[in-house]
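The data blocks that follow each hold one structure.
Heads up, the next two complexes both have subunit A, just with different partners, subunit B and then subunit C.
Up next is the complex of A and B:
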């Protein structure tokens, strides 16, 4: 066996190194339950380590596709880029998690949080770079099982436990669907290697079509597309806010990207069929989620429905499997990530400082905390797709890709839905700026880590659109069935 | 970067400095310096443009510059102006300048959004790239929500949300239309001039494609131009907005609609315009008359002016759809004239409201004796509104109806005559209102103590009146400038005008 092929997995290995270092640091640095002074070493090293690893990945990016273990592992430059995007999101999550981690009840569990999060990230890495359905499935499970532990992180809180139960049950159910689909594929193709499968796929074979439906359903649970979204609102509401933030962008983004890759690689001959499936799933996801979001009062539930509808837009990039669609999708993911994490960082700091989680609690927020509400407004405008913020560019490009792929009416429905989404995003802006409250959230100052995280988000929201280099960088690596 | 980019750069600098300065004086200093610079720049541009034209430069757009922005998507930062954009930039400069003085007592956040709005407006008029144009269009829309929602009056939350959602809904139509144009023309360039002249990789957009996307683009821009039956955001929005925002919105923002219809819908989709204009002619014609009749029954001054705006802005779209050179020139003149006179009207109404705390026509009486300066401004605004010769409204409306009558067929003639009736109705509501609130006898003792305009208010009013009278007395330089710039669009139309619209049942 040629051991040098391990080097082709440098992305995963470097992340594993980060995990090991953090594990050791947790072992030696962190105080025991008796110590009076909690160690802040972990949060201090986790963020820089992850940043270093991101830079390492991007610098060492292979010029072309690399494989390991006889095509089991298969990575293209675009995949490294997506991993780096996910890393940036994780960094922001770590930054916003700090204030929550420093609570008394969480201090002893700090290590677990960072390790579990990084393990899910590692799972996503493997999932993204898989070249075989087994590898894909292992990656998927590695991403979802630690996630359950994260959702149940405040285990004494019943809501958190309930959320975790819902999450694990639906995750298992969707894994079951996925596995059944994979078994059908194995039965009809005789192989599970992505590279060999397209040649034996046939759009008239109904067993394989059933496998396609099962695959999209299974992955639809992970991306939380309607009608596979039923777990989303409860899980998002019950999970700790930082975990919700992580769940809403990172795991969703990874799953959407993998879906794109597998659809174009494995299910290439069935492009008509999956276009039709996605067409309806996108319409239903965006519309239903928007209608539900309007009525929410808990801001985390609200963001859950907003995330479902955003997932619909994200998947719009997959229509037709064009390279332009891939660029638009990754770019959309990046922009959505900074904006959504910005909102979650503010929800988190408000929750930590005042314990308030309802939209009506944000009445008069501007009067007491003008800076936070300003950043929140920027992020919400970006989510709604208002220029000059990055969200406008990402929406425009994803619609453009959808139009180019030949689905103008799908784009039109999605566009009409942006107006509904603008309505409910404006409801929060209205609460903060226009409404008055007798008991507003008191003035508070956020901690340094949150401030850095918010600064990153604000910079991303303002500049990720105007600076065209980011889009062009993504575009130089994208691939698909058509340009 | 050529100097047109300054129109975006100055508001950007203003935003930054507003963010940094502290205290009312600092904010006022930034706003006055910035808006004066913008006004000066637009005046300079006008003279430079006229000089360039006089020197024989006949290029369609002057001062063009283009920088690639999103290379894979063929999006570029392209600027350029012709006579129409110069006129619109001049209008925006005047309104932003006077709007600053009208909102003298406002706070920092207000001016931040106000400046962002101005940036969108100026950016829109200098762009010749569809993506850029659309981006600036949306930049101009969203500050409206907070400006009305936070600093407005009356049902401000409802109005702000209604306005924002209707305009954003329109922009959804518009975005699809832009995609349709872009991909219909080959998907190689977003540049307006290239698409129109089939250069730079653009090809002719097929007739069937044009007919699909024309309604999207026209409705997309038309909603902002208060096209019937999508005008309902306008009265509520204008009535609830703070004074300077009403001015800017009715004065400039609604012109984005007319300008866009002309520059994008008609210019880039001429076949479809010729084929489908009849549908929109009926709608806008209805809007012109309906707006005027609605204005007759209003009791709130702002609602009255808002409905009058619906009528006058409907006239702009109506004239554009007549597809003749004269009518189009008239449309641009009407945009300019309506922008100025409605801004003056809203400014004076706002000042009266600020003092009397009511805008109800039934409660205001005999103001001429109490606040003569404001009353004179009010009377002039009213007279300009009903098209008194010597003021700008007359020039514009005259040109429009002459141009509209050039269409010899019965359908166009009937509609033109119907639209003409709005002038008579305008005289009814204006004169009745002016007579009532200025020349009656004051019965409210509180109103007897009102004080007249401050210096900053006087400055704003005088500047606006000077512009209105200026256009009214010496319109020819302006109409010549506009006329020359209308002709490229008319050439597009004339290439197809020989075919009679098959879908029009009235022909």
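Up next is the complex of A and C:
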């Protein structure tokens, strides 16, 4: 066996190294039982380590496609870029988690949080770079199971436990369906290697079509597309806010990208079929989520429906499987990530400082916390796609890709839905700026970590659109179904 | 030589704007003014250095190369198709404009130090000036029509902000709105023209023949593909260019879109000098010159329409200028008339031998030459007017008269600028106007004589203004109250500097302007055609003599008599032929009354109705399907499975 092929997995190995270092640090720096004041070393080293690893991946990026273990593992430059994007999101999550981690009851569990999060990230890495359905499945589960533990992180809290239960049950159910689909594929193809499967796929074989549906529904659960989304609101509401933020962006983004890759690689002969499926799934997702979002009062539930709707736009990039669609999707993911994490960082700090989670609690927020209100408004505008914020550009590119792939009606319906989404995003802005409240959230100052995180998000929201280099950077790596 | 430092010509004024705009509150007037002026001084030095480097570089095939130090794709559309670029392009007219803009802007910065002394919002004023300078420089350095459009709108915004600088006064607010709405309305034509052009040629680039030299590994733009456009029966390009010209006509105040410029005089006078005389208002001329290779090759007939529009505007504005009593309005109409001269010069170019013939396209060079000289002497005139207004606290000529005693420097500089604009040698205006007249005669003798006649009118109304201010009937009573005095040095020095340029630029470099800027890029040696030049001098002298005869005396019986003999004509000219009233009628009665009301109804009932319906429908739907989100996991799994089954059925059936 040629051990040097391990080096092709440098992305995963470097992340594993980060995990191991953090694990050691947790063990030796923070583990003394007598100490009542656990050190803050973990949060201090987690962020820089992850940043170093991100830079390492980008610098060390393979110029071309690399494989390991007989095509079990496949990686391409674009995949490394996506991993780096996920890393940036994770960094922001870590930054905003700090204030929560430093609470009395969580201090001893700090190490768990960082390790579990990084393990899910590792699972996503493997999922992204898989070249075989088993590999893909292992990655998926590695991403899902620690995620459940994260959702149940405040296990004394009943809501958190309930959210985790709902999450794991639905996840099991979807995994079952996914495995069933994979077994159907194995039965009809005789292989599970992505590279070999496209040749034996046949759009007239209904067993394989059923497998396609099962695959999309299994991964659709991760992306929380309608009708596989019902767990989302309950889980988002019950999970700790930072975990909700992580769940709404990182795990969703990784799954959407993997779906794109597998659809174009494995199910390439069935492009007509999955276009049809996605067409309806996107329409239903965006519309239903918007309809539900309007009525929410709990802001985390509200963001859950917003996330479902945004997932619809994200998947729109996969239509037709074009290279332009891939760029648009990754760019959308990036822009959505900074805006959404910005919102969650504010929700988190407000929850930590005041314990309030309802939209009506935000009445008069501007009067007491103008800076946070302003950043929140920027992020919400970006989510709604108002120029000149990055969200406008990302929606623009997604619509352009959809239009070019030949789905003008889909783009039109998505456009109408952006108007609806504007309505409910503005509800929050209205609450903050216009509505008056007798008991507004008191004035508070946020901690340094949150401030850095918010600054990153604000910079991303303002500049990621105007600086076209970012889009072009993504574009230079993209690949698609059609040349 | 790579011109990468040219990026600072744009960045420096922008930073100055940011600092003065954001931190201005904490700066003293003095610091803010000195900071803004110093930054602009550096920009001016850079511009001159760029010009020196550019014009001393070697020509390639007898032509100055078009250089692109920066260019990057900002917003790509389809692969290999249209894209919006941002970048910097240098060619002779860009470099010439750099000099004009930075020189006049620097003078105005210095001058404003005295003129705006002690005004509220001094820092804001300098911040706007910096923003304007940045935008105008960006406009001329754009690599493509879309970038130009962006900066075009930016200068429009700055113009709006600066006209409305005294925003507590109702006329200033009204004037700024009027300027913005009229030019914005015209810009709609520009935008449609750009879209037309981009759609049919597949490019926004100014690089029409793929000859630009890209420095610094800048991304090459996709050259325009005219085959499609020409396939459109030769209709597309002329239409697109004419629509762009509509935008240019709005900015450059061509009839009938000129109505905003006289009102724009409500802004501070140095602003009028910078924006509404020297730089922004010539943007339309610059735009036509920028697209000139296309005009001359694909749309010469349309270009001649532009010439006739220009000729009419020149005449109309000159006629109105003869009857105005507000000195800034006289100068405003004179500006309209002179810009129209430049338009005429571009319009009379002939497509003989393609655009490779410098003689046939003499007008191009003449237009740019006149743009250059006009910027200098018109800025002088406006700054002089500023000094006078500063001294007597009024714009009306009735408060002036006999001012030569009180303000010697202003008097002399104003006189020299008047001689220049009247076309008297050896001042610069003579040379450039002479080239325009030669080009006009080359096109047709009718056009030539019309323009010569308007040149005479120019001389007449300028000297009417001159005598009205400095000689004529002195308002002794008023001056006793308020003895006028000469302005401080910080205001007179810019006047003197600009006058020096006005005096020298014509005869020091008699033939050389054409060797820098010409239609083909090859050197063109200007030689005076004495039959044309002689006629124009004679006519101008006669006009000046006439003005002297009528207006120089303390009593002006002839002027009174003329007013009495032709009351209607005077009244009409004084009221600018009632064009504003026509606009009022059209906008208020027809547009607002008929169209807007029905649109408003449509908007309120149909458009809003649709969105209200969306909102109502969303609410209703969310109410009716709320049970779906029950919180029971069993049901979730059931819906999940149902979804899978429906999707499978959808594919199989």
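Note that the second predicted complex is superposed on the first by the 478 of 483 C-alpha atoms of A that agree within 3 Å, B and C clash if a C-alpha of one lies under 4 Å from a C-alpha of the other, contacts with A are read in each partner's own complex, and residues count from 1 in each chain.
As a working rule, a residue touches a chain if its C-beta (ideal position, glycine included) is under 8 Å from a C-beta of that chain, and two chains touch if they have at least 3 such contacts.
On a predicted model such as this, the values are computed, not experimentally measured, just so you know.
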item: Touched partner set for A:387, first subunit B, second subunit C, both or neither; value: first
item: Contacts of A:404 with subunit B and subunit C, given as first, second, both or neither; value: both
item: Which superposed partner A:324 touches (first subunit B, second subunit C, both, neither); value: both
item: Comparison of subunit B and subunit C by subunit A residues contacted; value: C
item: Partner chain in contact with A:228 - subunit B first, subunit C second, else both or neither; value: second
item: Subunit B versus subunit C as contact partner of A:280, first or second or both or neither; value: second
item: Touched partner set for A:213, first subunit B, second subunit C, both or neither; value: second
item: Touched partner set for A:415, first subunit B, second subunit C, both or neither; value: first
item: Partner chain(s) touched by A:468 [first = subunit B, second = subunit C, both, neither]; value: both
item: Contacts of A:423 with subunit B and subunit C, given as first, second, both or neither; value: both
item: Touching both subunit B and subunit C, residues of subunit A; value: 324, 400, 404, 416, 419, 423, 468, 471-472, 475
item: Partner subunit C, residues of subunit A touching it in the complex; value: 165-166, 169-170, 173-174, 177, 206, 209-210, 212-214, 216-217, 221, 226-228, 230-231, 233-234, 273, 276-277, 280-281, 288, 290-292, 294-295, 324, 393, 400, 404, 416, 419-420, 423, 468-469, 471-472, 475
item: Interface residues, subunit A side, partner subunit B - complex; value: 324, 327, 381, 386-388, 392, 396-397, 399-400, 403-404, 408, 411-412, 415-416, 418-419, 422-423, 426, 429-430, 433-434, 468, 471-472, 475
item: Residue numbers on subunit C that touch subunit A, as the complex places them; value: 72-79, 611, 614-615, 618-619, 621-623, 625-626, 628-629, 631, 633, 635-637, 639-644, 647-648, 650-652
item: Footprint of subunit A on subunit B - complex, ascending; value: 69-73, 75, 131, 134-136, 138-139, 142, 145-146, 149-150, 156-157, 161, 164-165, 168-169, 172-173, 175-176, 179-180, 182-183, 187
